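Below are structures written as C-alpha cells.
Here come two complexes built around subunit A, the first alongside subunit B, the second alongside subunit C.
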Partner chain A sequence: MQALSPSKLLSRFGAAFMAIALDVGGMAVLLYQILRCLVPPRLDGMETWRNLYKVGVKSAPIVVVTAMLTGAIMVIQSGALVAQFDAFGLLGWGAAFATLREVGPIMIGLMFSGRVGANNTAELGTMKVTDQIDALRALAIDPITYLLVPRFIAIVLMMFLLTIVGDLTALVGGAYTGQVLLGVSPSLFASSVIEYITLEDLFNGLFKAFTFGIAIAVVSSHYGMTTSGGAVGVGRSVNNSVVASAVLIFVLDYFITSILH
Partner chain B sequence: MIEFIDIHKAFGSKQVLRGVSLEVKKGEIMFIIGSSGAGKSVLVKHLVGLIRPDAGRVILDGVEVTNLTEEEYYPIRKRCAMVFQNSTLFDSMTLLDNVALPIRKHFKLSLAEARSEAKAKLALVNMEQHAERYPADFGDGMRKKVAIARALTLNPDFVIFDEPTTGIDPISANIVDRLIRDLSDRLGVTSIVVSHDLRSIFGVADRVAMLYKGQLVLDGPPSLYRETDNAIVQQFINGRPQGPMEV
Partner chain C sequence: MIRIAEVYKYRGHECVINGVNLVIPQGTQVGLIGPGGAGKSLLMKICAGLVRPDSGSVLIDGTEVVGIGDVEMTSVRSKIGMLFQNYALFDFMTVEENIGFPLRQLGGRTEEEIRDEVNRLLLAVDLPNTQKLFPNELSGGMKKRVTFARAVIANPPILFYDDPTAGLDPVTSGKIFALLEERRARGGTTSIVVSHDILGMRDICDSFVLMDHGRIVFSGTREQIEASTRPFVGQFWRGEADD
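Moving on to the complex of A and B:
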C-alpha cells in the first residue's frame, strides 16, 4: 500500500475534523431548537402520544428481560466472592449498587440507542430522502415541532421511566438468582439493599438515564434529518447514529461519574 | 402574480439555473417543460422557499419572498401549495389522516371535522373509498392523486404541480388535468405545472415555458410550440433522439 503524502494526510485529517465539527454543531443547534419549542410547549399531541406508545410500551418487554438477566448476572459474578468471604448480607448491596448507579442506565441506554434511536434515525432519514420532510414544510408545518419535539419527549421520558422499571426488575432478577444459586433469602437480599443503598445511588443512575435519553434523542434525530443519498444514505445514517449514541453514552457516563462520585 | 427574476442556482459545481426570468399571471395555468435536469423543479421550489437562489428575486403579488426566514415562509406556503414529484404522503398515516393533517394543524376544527373535510377533498380525486387505507397499499398514480387532494386542503391561491400526471393511467391523468383546469376556471387558482406530458401540455396549458440547460428557451401559448422553428423545442416536442439537445 502506498504511503500518504503529508499534505494528503493533513487534508484527510482536516476533512474528518470538519465532519465531526459539523455533526457536533448540528446537534447543538438541534437541541437548542427543540428546547426552544418546549417553553412554552409547541408540539403535536397526537404525534406525542403515538411516540410515547411506540417508544415506551413497545420497548418495555425487552427492557424487562434485559434488566432481569443483568441483575442475575451481577449476582452470578459476585457469587463466588460472596461465598468465599461468607458475606451473604452484602449480596443485595453489591448487586443493587452496581445496577442502580452504572449497569442499569448503561444497559438500557445501549438498548435504547439500538432499538429506539436506530428506528428514529431510519424513520426520519427515510422521510428526508423521500421529500416527506419538505412536504411538511410545504404544508406550513414545522418539522421540529411536529416530528422532533414529540420524539425527544418520548425518548427522554421513556428512557427515564424504563430505567426505574429496569432497576426494579434487575433487583428482582438478582434476588431470585441469589436464592437459587447461593441460598440467600429474598428478605436478606432486600434488607441488604434497604440498609446500604441510598437515594443518592438511585438518583445518580436516574440522572445518567435522563442525560443518555437526551443524547440518544438528539443524535438519532440529527442523523435522521441530515440523511442524503437514498437507501444507502439511510443505512449510513443509522450506523452513524448507533455508534455516536453509544460513544456519547460512555463519554457522558465517564464525566457524570467523575463529577458525582 | 408570480415573478421569477434572473434566478441563478448552483449545487456544488453544477450550475442548474442560469438567470431564468418568468412571470405567471393570476389564474393562469403555466406549464414548465424541459428535459430531465433542466432545472424545472428547482425553479418552482424557489417560490415556497424550499430552495433559496444564489442570485435573483422571487416576487409574489408584488411582495418579495426571496430570502425569508423559515417562519416567514409559512404564510406564503399556506397560499402556495405544492404537489411533489413523488407524492410524499406520510407512510405512518392513512390516506384520510394524510389529507386531514394540514386541516387539523391550520384550522381550528375537531379531529372529526377535519376528517370530514379531508374526505370531501379525497372525493375530488375519486379516492374517498380508500380513505382508511395506507399509502403503501397503492401505486404511484393513486398516491399522487391523494397528494393533490392534500395540497388543496388549505384552499391555496397558487398550486405548484411537479409532474402530476407522470406514472398515472390516462383516465386518472385526465381527471387531474380537469381538476387543474377547474381550479383555474372556477376558483381563479394559479397553477404552475412541471410536466413532460404532451397531452396535458396541449390540452390544459394557457402558457408554456421551456427550460434547457438552466435557461429559458421559449415562453408562449402551446400553439407557439407547434409553429416555432427552434430546433431544441422541435426536438423535445417530437421526442427525436437526434438533434441539438444534449440528453
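Moving on to the complex of A and C:
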C-alpha cells in the first residue's frame, strides 16, 4: 500500500469523523422526532400491532433458547469452584447475579440487534431504495409516525419484556444444570436466589434492557432511513446498523454500570 | 397550476437539474420526454415536494413547496397523485390494500365502498382476481398497473405519471393511455406524463417538454415540436439514431 501524505491522512481522518458525527447527529434528531410523536401518542395502531407481533412473538423462541443455555453455562463455569469450596448454597446467587445484571441484557441485546435490528434496517432500507418511503410521503403520511414510532415501541417494549422472560428461563436453565451436574436441588438453588438477589439487581438489568432497546430501535431505523444505492446499499446499511448497535450496547453498558455502581 | 422557476439540483458537483423553468396551466396534461438520465423523474419528485431542490421555487396551486416542512405539505400533498417509475408498491400490503390505501387514509368511506372502487379500477386496468396477491407475486407490467390504480383512486386534481406504460405489452399500454386520455378529457386534472412511448403519448398531451442533461431544451405543442428544425428535437421525436 502506498504511504499517505500527512495532509491526505488528515483529510481522511476528517472525512471519517464527519461521517460519524453526521450519523450520531442524525440519530439524535431521529430520537427527538420519535419521542415528540409519543407525547401525546401519534401512531398507527395497525402498524403497531403488526410490529409487536413480529418482534415479540417471533423473537421469543430464540430468546428462550439462548437464555436457557446462558443460565446453564453460568452454572457450568462456576460449578468447579462451587464444588471445591463446598459453596452449593451460593450457586443460585452466582448464576442469577451475573445473569440478571449483565449477561442477560447483553446477550438479549445482541440477539435483538442481530435479529430485530438488522431486519428493521433491511426493511426500511428496501422501502427507501424502492421509493416506498416517498410513496408514503406523497400520500401525506409522515413516515416517522407511520413506520418508525410503531417499530420503536415494538422494539423497546419487547426488548424489556423478553429480558424478563429471558431472566426467568436462564434461572430455570441454571437450576436444572445445577441439579444434573452438581446435585444441587432446585429448592436450594431457588432459596439462594431469593435470599441474596435484591430487586435492585433485577431493576439494574431491566434498565439496561430498556436503554439497549432504545439504542437498537434508533440505530436500526436511522441506518434504514438513510439507505441509498439499491440492494448493495441495503446490505451496507444492515452491516453498519448491526455493528453500531453492538458497539453502542457495550458503551451504554459501561456507562450505566459505572454510574449505578 | 404548477409553476417551476429557476430550479437547480446538484449531485455532488454535477448539476442534474439545471435552471428549469416551467409552467403547467390548470387542467392541462404535459408530456415530459427526454433520454434516460435527463432528470425527468427527479424533476417530477421536485414538483411533488419529495426532493428539495438546491435553489429555485416550485408553486403548486399558489403554494410554495420548496423549504416547507412535511406538516405544511400535507394540504398540498392531498391534491397530488403519483405513479412512481419503479412502482413503489408497499410490499407488506396486498394489491387490494395498496390500491385502497389512499382512500383509507383520506377516511370518510366504508370498507365496502373502498373495495368496490378497488375492484372497479382493477377491472379497468385488466387485473381481475389479483386482489389478494402481494407485489412480489406480480410481473413488472402488473405492478405498473397496480401503481396506476393507486395513483388515481382518490381522484387527485394533480397527477404525476412516471413511465406509466413501461414493461407493458402494446395492447395494455394502449389501455393505460386511453385511461389517461379519459381523465384529461373529463377536465380538471393537471398532470405530467413521463414516457418513452412517444407514439402513444402524441395524442393524449396538450403540450410537450423535452429534457436533456437537466435542462429543458424544447417545449411546445405537438405541431410545434413536429415543425421544429432543431436536429436533436426532431431526432428524439421520431426516434431516429443520430449518426
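Everything below uses one rule, namely that the second predicted complex is superposed on the first by the 261 of 261 C-alpha atoms of A that agree within 3 Å, B and C clash if a C-alpha of one lies under 4 Å from a C-alpha of the other, contacts with A are read in each partner's own complex, and residues count from 1 in each chain.
The rule is simple: contacts are C-beta pairs under 8 Å (C-beta built on N, C-alpha and C of every residue); 3 or more make two chains touch, one makes a residue touch a chain.
Not measured: the values here are computed from a predicted model.
Aligning the two structures on subunit A places subunit B and subunit C in a clash.
Residue contacts after overlaying the shared chain place A:Val247 against neither subunit B nor subunit C.
In the superposed model, A:Asp131 lies in contact with both subunit B and subunit C. Of the two partner chains placed by the overlay, neither subunit B nor subunit C lies in contact with A:Met18. Using the contact criterion defined above for the overlaid structures, shared-chain residue A:Ile141 touches subunit B and also reaches subunit C. Within subunit A, the residues touching subunit B in one complex and subunit C in the other are 50, 126-127, 130-132, 134-135, 137-142. Residues 48, 50, 70, 73-75, 77-78, 81-82, 84-86, 88-92, 101-102, 105-106, 147, 150, 154 of subunit B touch subunit A in their complex.
Put simply, subunit A touches subunit C in their complex at residues 50, 126-127, 130-132, 134-142. The touching residues of subunit C, counted against subunit A in their complex, run 45, 48, 50, 70-71, 73-74, 77-78, 80-82, 84-92, 101-102, 105. Within the complex formed with subunit B, the residues of subunit A that make contact are 44, 50, 123, 126-127, 130-132, 134-135, 137-142, 146.
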